[in-house]
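As written, the chains take the letters A, B, C, D, E and F, and residue 1 is the first residue of each chain.
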């Protein structure tokens, strides 16, 4: 039995709220249960130097948690002088996931910076971030089209993400914090609206997992992501 | 005429919302018009080393802005390896202001860490932060009293803050961003519920100001802070 | 046709040379074709502070490349003040992989530090590092048993790793640099001697991949890792 | 009674010695009693990048203390990797104070860097620094006029600074270290030769102060600064 | 009696192996007994900014030790955020030594970066590094001449280095680690093939040494360096 | 002919002024012509951790230049986040030189921190620093003996330093900046009062130097250092 009484293949309640940041070109507050992530998309005229002359644009992402997003306060990373390894892994993952569904030449030589700031963390912050960031990016591209900065929509598909894992012997979808911290295996899946796989990350700190278990996790994720993509479609409608 | 049509001595609409962060011992979302700051208070068993054996506690504060809180995206400070001078000035100011109304020995040898994270910035972020942080600190102390961690309320008074300045020749209260960036003189006042002055900071980058002007700014601030303290009282009632 | 004329499911020539570092408790020079990684295992009496009193040990890993391990010289990370995100991802992966097959309480409250330094890089450095690090760790544990520092072997199984990917439309095993830099999809698999999966990382920067493709990559990896485990067994015999 | 037997409104002995640094375009060794600060003004052909094309110049300041300027040796900030918050506050204050009396377009697109290095610290280092830095800046501008780098004097007025505070219940001028460390309230005032206020900073860590007290501190400061400006006039005569 | 039974004026067995790094323009693995240093020379099209327009090139060097090159594991410098003072001293020494025998204008406005990475450390790593780096630099210049990037050989002479010291009262050549850590006096000499002195560094942490002792150390060094230069000549023949 | 008309073996005018820093246990302002260095010695109850239990003390040194000590303003090292390689070399040299004449067990488990801050730089700052630091250290030990913190004088001898070099073909003593920047060879010598050699550093960036030249430089240094030691004796008399 899961702590939340959810069925193994049940997502938490997910919400996507658009236009929550007054100044950003696109923004979305995404919640997966008690996990809350504020995603903004900023159009930046100057991209990285290696973009110049390439004729294409770039989408990059940064991720951070507020110090008291978590049960115990965590130190601000600014005081340690660098983003932690975990933070860097997550922001690279978000960036790659969004670029996988973006037609970069259609942006022109510009950069879209996605900021995902976790206001409250109850597990699944990176998957919520990817799911919400897609909406912020979508709205940023709409903003750009309205102003004729771009002529076609650079988005080729939806992208969303969810975590799965083995919790007390059961394979479950969308782990919250108490499940995640007790899970034997933890996997994150990023997929497109058409069902293509963009990223798979599975880790077993304790017992290795079998191929059968992995395929079942993939099946659970496919179901959850289909729900998320459907919600994205309703949100931007 | 002010851009917002406000009278020179009129505050923006101010709101204080308690208990917005699920895990923090105290929290408050404060808004001064479009400026929004999330304040949390975290009880930390271990204070700074120099506290040990002193028999008293400590209240400290950290301040940060989300990258897209502002009109233009700003770089995360984690990437420059240290908080900027401005950030350090502000977080020292918030900490001193709260300590000025706190009975430190009544906390015991513990530390309360206040985090003020600016979600949206339209001028006056530091004064909003102080005003909201007082509520978060108040609720943290209530939480501690309910659990008998402390026996008396360490708060001796309210504390709140507001900015004033000279905008196009007129002395005005509670500057928003467009006023602030055009102001000749910028002053921040921190006062207690009883009307004592805790901090005064007045700066003239362009023309020096006269003693008369300064006293008028002080009078404006006194009015605004009285309103803020009244709102704090209603909020915690 | 692969640049090296290898069959899609053929590994490069792999060698594992033990005891190559005079002072380390365990060491292994691993080569996957032109990729060469020097792995050392160092017994450190003092582990991280959070280990104290836990009754168990720890295995951690660090990874670095010599500046001219690569076709173009890369800057030393010491000059940028921190390990890059990529470096941190890799060293976390190596550490998790080794811990997954280690009985940590059997080490006692000690730490084994694994250093993987890439002398020459032609693709697959992280997978070579994991494969070689297992041998270094094995020999470090032998050294400890000979000196009665531990009484039983903390290793519960072998662990080895290999990369797979989609190169010019073909699914191939153990990518070398020219394949890797042109691959649509890049996946790394870490498995135990018994065939359990420890880590799966699959990434599609360009086109998403299908579940069928992913399963075929997994099949290729299983074959390669079986060969690597067999070589580890011969090496320590 | 003050430790030094001074009257409440008496400054310490103040001296301003010009041309103490052989290579600097302007320099001044300022002493407020035992506090000694070496101020240099350096003409730099290249100002900050944002100055380019603006047609105006810039005056900036840096501040530091020698490790054994103080009663106890303090660590060099170079070893902590960044200036402390206190150092940054002070150097921003010095820069703003000097710019408030400088006609920036009259400098042209050049930068004057002021360095204030505290050789000995007995309270009031920031106010001594501002007072001495004005002389160094004045002499730098003279040097530039002699070489026809500028045609008019960019200085519009004098600027000087002094501290005041509440020491054992008495309001006193120009606090030395033993007074400063015991003071309830500490305020710094920066004013021009004509009596305009450039900066006011008042802080109450312990008891808040009243408006009446603040006005009396301002009166004390006005008297002290008038003396300092008079001494500046004699010095450059 | 020396721990290794060597005569006071006997070098350890020295080897120089060329072309050990597949991608570098020049490389050499140098061993002085158990000390092993991998030296690579990399041609970099872009030198430091101050080179531009000077018409001459530059040779620079970086030095590092693998963490377990030593008896006890040492922390990676990347984690301390900067190269240690010792590392910086050594890499500056290597760079100066090589430039002393290089005709910099003959390189053109290019930079050769020498990387000296210590794989195993048993004393004398900096002297081994200089000796081996000369071979790597020589081969890099040959590579450039074969591709007509330069037309004449920029090397004007050989350069090699050796350490000497006073070990238990005896003046000895080429100290290994156990001698070095017990030596009263430690000196490093860098000389050219023609016998000119490029660098002399002599240090007495314990007892000062006499002029006579210093001259005898110089005589020992001269003998050792003559052997090293002879070996360099055979290596490149 | 030297720019200053000095004879090749003539020192600049040297002065040593004691007790220039009010709070330090020992201090000395040393001048070699226009080079001015402020040296302080601070007794620190807590030495480095590795001293604990050793029964002996430590002498360490830090070195820095004021930004406008030089002809052109140099950036403060605090802004680059670390002492430069040159700074680290110099402060290690000063520390070693002083320890070479100090009986460390006679200090007890305490540390003396020497700070050498260059107020004005006209060549020879490191040699002036060593010469002045000895006086500061001497006076610190006197202060400790007067308070019975130590019972015997830990100083075993004098130590002083001077530079020599080859300037326009002539071997000269005590180079000033214009000589130093044009010199072919630059050597620093540190010797004791009894004439023992503590440190020798000779560098030829351009032409290597011969043994004969080196011996002549040593002879020049011996003469200069004898004068410096004589002046130290007069100063402390």
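Throughout what follows, a residue touches a chain if its C-beta (ideal position, glycine included) is under 8 Å from a C-beta of that chain, and two chains touch if they have at least 3 such contacts.
Computed from a predicted model, the values in this text were never measured in an experiment.
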Considering only chains that satisfy the touch condition with chain B, which of them also satisfy it with chain F?
D
Farthest chain (mean CA position) relative to chain C
D
How many Å are there between the centre of chain B and the centre of chain D, using C-alpha atoms for each centre?
28
I'd like to verify one number: the distance from the centre of chain D to the centre of chain E, where each centre is the average of its C-alpha atoms, in whole angstrom.
51
From the C-alpha centre of chain A to that of chain F, how far is it in Å?
59
If I count partner chains per residue in chain C, which residues reach a count of at least 2?
81-83
Indicate which of the five shapes (line, ring, star, complete, other) describes how the chains touch one another.
ring
Start at chain A, step over to chain C, and keep going round the ring; give me the chains in the order you meet them.
A, C, E, F, D, B
Per the contact definition, I'd like the list of chain E residues that touch chain C in the complex.
21-24, 27, 34, 38, 40, 42, 44, 62, 64, 66-71, 73, 76-79, 81-83, 113, 115, 117, 119-120, 122
Which part of chain A faces chain C closely enough to touch in the complex?
81-85, 88-89, 91-92, 96, 99-100, 187, 191-192, 194, 196-211, 214-215, 218
